[in-house]
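Naming follows writing order (A, B, C and D), and every chain is counted from residue 1.
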Amino acid sequence: MQRVSERVIARARELMREGTVNKVAGWKAGEFFYDCAPYVFESEESLKDLVYDRFCAANLSKYMIKNSVAAGAEGGKVLVLLKPCDTYSFNQLLTEHRIARENVYVLGVGCEGMCDIDRIREKGFKGITGVDENADGKTLTVHTLYGDGEVAIDDVLVNKCEFCKGKAHMIFDELISDNEDEGPRGDRFAGVRELEAMSPADRFAFWQSELSKCIRCNACRNACPACSCRKCVFDNDASGIASKANTDSFEEKMFHIIRAFHVAGRCTDCGECTRVCPQGIPLHLFNRKYIKDINEFYGEYAAGAEAGQRGPLINYTVDDIEPAAVSDKGGN
Amino acid sequence: MQPGVVFAQDYQYMCSEAGQNIIKDAIKTHGLTGVVVCSCSPRMHEATFRKAAAQAGLNPFMVEIANIREHCSWIHKDKEEGTEKACVLMRAAVAKVTLNAPLKAGESKVVKRALVIGGGIAGIQTALDIADAGFPVDIVEKNATIGGRMAQLDKTFPTLDCSSCILTPKMVEAKANENIRLITYAEVEEVSGFVGSFKAKIRKKARFVKEDVCTGCGVCMSKCPSKKGLNEFNMGLNNRSAIYIPFAQAIPNVAVIDKEQCIKLKTGKCGLCQKVCTAGAIDYTQQDEFIEEEYGAIVMATGFRPIDASKFDEYSYSTCKDVVTSLELERIMNAAGPTGGVLLRPSDGKHPHSIVFIQCVGSRDVSGRGKPYCSKICCMYTAKHAMLIRDKYPDVEVHVFYIDVRTPGKNFDEFYRRAAEQYDVDYIKGQVGKVYEENGQLVVRGVDLISNEQIVLNADMVVLATAIEPDPTARKVANMLTASIDTNDFITEAHPKLRPVESPTAGIFLSGVCQGPKDIPETVSQAGAAASKVIGLLAKDKLTTNPCVAHSDELLCNGCSCCEKVCPYSAISYETKLINDHGVKETRRVAMVNEALCQGCGACTVVCPSGAMDLKGFSNKQIMAEVDAICL
Amino acid sequence: MSVNADWKPRIVAFCCNWCSYAGADLAGSSRLAYPADVKIIREPCSCRVNPMFILKAFERGADGVILCGCHPGDCHYSTGNYYTRRRMALLFSMLDYIGVERGRTRVEWVSAAEGAKFSRVMNDFVAQIRELGENVKVGDLRCKE
Amino acid sequence: MQMSEKDVAALVKEISGSDVKKCMKCGKCSATCPAYGEMRFHPHQFVAMVARGRVEELLKDPTVTRCLSCFACVERCPRGVEPANVVAAIRVLAEREQEGNNFSPADVPKLLSQDPEIPQQALVSAFRKYRK
């Protein structure tokens, strides 16, 4: 990924210097090498902090809602770096008229999978000081206070990359990628199927155990590109859902279920919710359940595969499956 | 008492004048801001109570009904359980009403023109009555002439007067009336809009004959070399030419070319009719035309057809020519029919000596082959047929197999008894199990339940009183009009007793058999009733619109267009405008609801991700409060 | 099944105003009994039923939720119930996924003329819920002891 | 335990799975019955009598076996009453009556010699009993 990275950074600088764009939405290294955070660079000079490495998992599409409008107001354009999976979210937001497309320059960037620092740690590394990608592109050298070690990249991918949707960009103005699209990786619905095979009581116990970990930090909602309402229903008194003070409330208890339905048919399975959850709740299992059901009931649908699609929940056919027929399928 | 409730009173007849006064007084005395009436279904008296509240100065939409009759006391035998449930329903209504907001009805226009779909006796009568009141009416008839089924009948019961003698003057009147426009050989393709201003697109199929030029002389028909078309008017019992006038009294009396049959239209050769037409009315290049028109009200008068008797193979309808349906017999008996009105059996044109009538063929049948309902008219027309045959041909033996003879109607039972007593028609209580041909002889095996014997009869003709079903176009038309339809494809009335000529969809009215089986006098009286409802509507200058419409909070709207895509009325549009959110100004795309178009279904509210879209009168908060109160 | 002898199922029925609510009225005027456990909420159309309402009902301890609307193709608003059908198919599948058995949720199409069907459906649904017993405490989804 | 005639009628309904209340007394079953002349009671009477709880006479009637089980009555009944199933239920009950047998196995050859046309149904019923 090294080579792509260098070309991406160089091209971003070039576009800024030429004046094609006046802002760059990319990733900026944080205090630690692995906490690359979304950042909007506003000068060529500031671009020295732009990084693109194995820890740039964050999906930048959502930032285009505000930044595309702001860029337009300033008479400029914003450059956004989008990995293949991020482009689905970008398209979905275009479908929903949330991004001023004319103010955005999309640089599609090739991606070979993002790594999860926690999974590296799980491999037994302590005191990690840095990680370098080896020339084979398949392993990482992990530098620690106690010496170096090696780990296979496939073993430490973030969840969304473990089940990568493919290496093809759905939308871009310019593309920097050496990857051939190999199609999706792994069976992303395996986790859903596992749950479906359980008894309802066991499923309830599973979710109760997972969701009880939730601290309602709203990280999932904040990172989610589909959760991009101007004002979230949970903060909107008229919705009948929100109730700020009372913790023993409907909203509090059903937060994740409500959220999952709100993004059903719009979720691109970008995996940000699960990635950002500080409690490690497998939130993607909700989204993938909806995606799996939609595919099975109404035919394959990939939100964001192209802009302007009519989502499955704002669509119908006269001979759609009956909810009763659904009951007979799968589950218990 | 529930929180917020300051006054409660029990009264037996709340909907009575006295009951309404209790409500009015309470509103004034206690300065009530909301009223809950625990009573019968809101579908019954919501309007009554809302009006009473309005008279007392309260916004009518601050009234909610707890349905403790149809949904509670009438179905729960256990008094304690029922009472408990009534309390819950009341609690839910109170929870809702405290969140109600005063609503104001808007106004919409009334286009003073009516559309009648179907030009049978029902449609004609409705149109005549509307036209007489001074409103323009369009009749859209799918066939080349108006007249419908009644035109095919020979005589009518119980008076035995000639059907066309009483129908033809009405048809002529419809043609002559200045307020009536006949659009024949046409079908309604699209309907949009709502009560007061519907927009309809009508396809006028190409006749290949200029309607305003053709004199109806009929020379073309005699010269046309393609004479093998089935004569639909005579139920296919004889043939007609490719260019034809359906029957002598057709209105308009204009020829039409069957394009599937016409040699010229199929091969480009012939053109004989054009050559002989002295008026120059033939136009082989004619195309379908479209008429677009606005209407304030639409009347469905789509009528019926007999069901397909070949489904009942035990009666051998499809294999024996001498087994006919009653409507076919009408044509055989009719002077303008295939036999010139002489009773001759179809197989060999001989005079029959014994005729067996079988009633309830496909009526009252839940086996899946027939219809579960009673077709209502068959008992009477069978008595009519039997009587007419016995009267004209006393040598013919007539047997009628019946399950019940149903004759409610003025002079109906007397009519049936005359058939049995004076005309010696043999009525046999029982059904026929099988009709078959044996050595060229029709044999009928039935049962006489009274004498408890199986009967085998030789017959020269068998007549099946086939069930009637709504015309197959009814379902399509009803869907277009968003009028609800029952499992038998009859159009549902707004109330089976109190609003029998209206559809639950405002502005749609029902006339004739499309609503349910009925005979001619009933059809005509219903047609008049539908007309009077239409006139009542068209007489208004403005309609008040339903204030329970969707509303989008532009501060919350993302501009995502989900709502726009699910709206069945195209009532939602998007506009880019300057939004001032507590001092923060921004120009962006937001949804706007056209309140005149919105019918208040709420589809948009659920797809709205941000909750910006809500429905007045059924808001998210109100329904949540109801759920809350019920699940307490 | 149920440990609580006094347990009575709590069942919320959402009915569209034009067909099913009228069907329920007809059941009433025809005196076609069904258990009092069913409480009906009137909606303009089945498509007005936000999945939030159903989640709310379950969160508040409902044992079953049934949604009734016009038959597909007969919607008073022409297309409302087609959307309902999709939403509910997905929602019910999700509810099952979190442990609310499929038998506790149902969509039925009941026309204004089908009073008998309404009563039959409610009897059947209540019997089914009684069979299933008390629902899991959906409200405790985030409160593992 | 002795069952009342009413209970037996209820049993007939249960065994046959037929809802005799659905009958609208049109007689199409009897009209259609090819064995009409050979049966003392006719299909519509089976339905009517069971509905009225009068099964005693039916159980005692030997011509009950003359029903061919051709199911023409089931096929043509407009109300879905299934008269043949009622007849079959009566037959089943008659067979179950240990003492009140219409046939004993020993009678079979005699019956056959008397009436070579004896319906197969009758023989099958008898053989069914044989094995007990």
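Before moving on, here are some points about what is shown:
Keep this in mind: contacts are C-beta pairs under 8 Å (C-beta built on N, C-alpha and C of every residue); 3 or more make two chains touch, one makes a residue touch a chain.
This structure is a prediction, so every number in the text was calculated from the model and none was measured.
Distance between Cα centroids is largest for the pairing of subunit B with A.
Chain geometry summary: the mean Cα position of subunit A and that of subunit D are 72 Å apart. Per-chain Cα centroids separate subunit B from subunit C by 31 Å. The geometric centre of subunit A is 35 Å away from that of subunit C, both derived from CA atoms. Computed centre separation for the pair subunit A/subunit B is 54 angstrom, with centres defined by C-alpha atoms. Under the contact definition stated at the top, the residues of subunit B that touch 2 or more other chains are 566, 607, 620, 623-624. For subunit D, the set of residues that touch two or more other chains is empty. Shared interface positions of subunit A, i.e. residues touching 2 or more other chains, are given as 239-241, 250, 313-315.
Each chain pair that touches appears in this list: A-B, A-C, B-C, B-D. Subunit A contributes residues 192, 195-196, 200-205, 207-209, 211-212, 214, 239-241, 250, 252-255, 257-258, 260-261, 264, 286, 289-290, 293-294, 297-298, 312-318, 320-324, 326-327, 331-332 to its touches with subunit C in the complex.
Those residues of subunit B that touch subunit C in the complex are listed here as 41-44, 67, 69-72, 74-78, 81-82, 84-85, 88-89, 92, 479, 482, 484-487, 492, 504-505, 548, 566, 568-569, 599-603, 605-607, 615, 618, 620, 623-624, 626-628, 630-632.
Contact residues of subunit A toward subunit B in the complex are 69, 96-98, 226, 228-233, 236, 238-241, 250, 262-263, 266, 310-311, 313-315. By the touch criterion stated above, subunit B contacts subunit D in their complex at residues 314, 360, 364-367, 369-370, 401, 403, 429-434, 445-449, 452, 454.
On subunit D, the positions that touch subunit B within their shared complex are 22, 24-33, 36-37, 42, 44-45, 72, 76-80.
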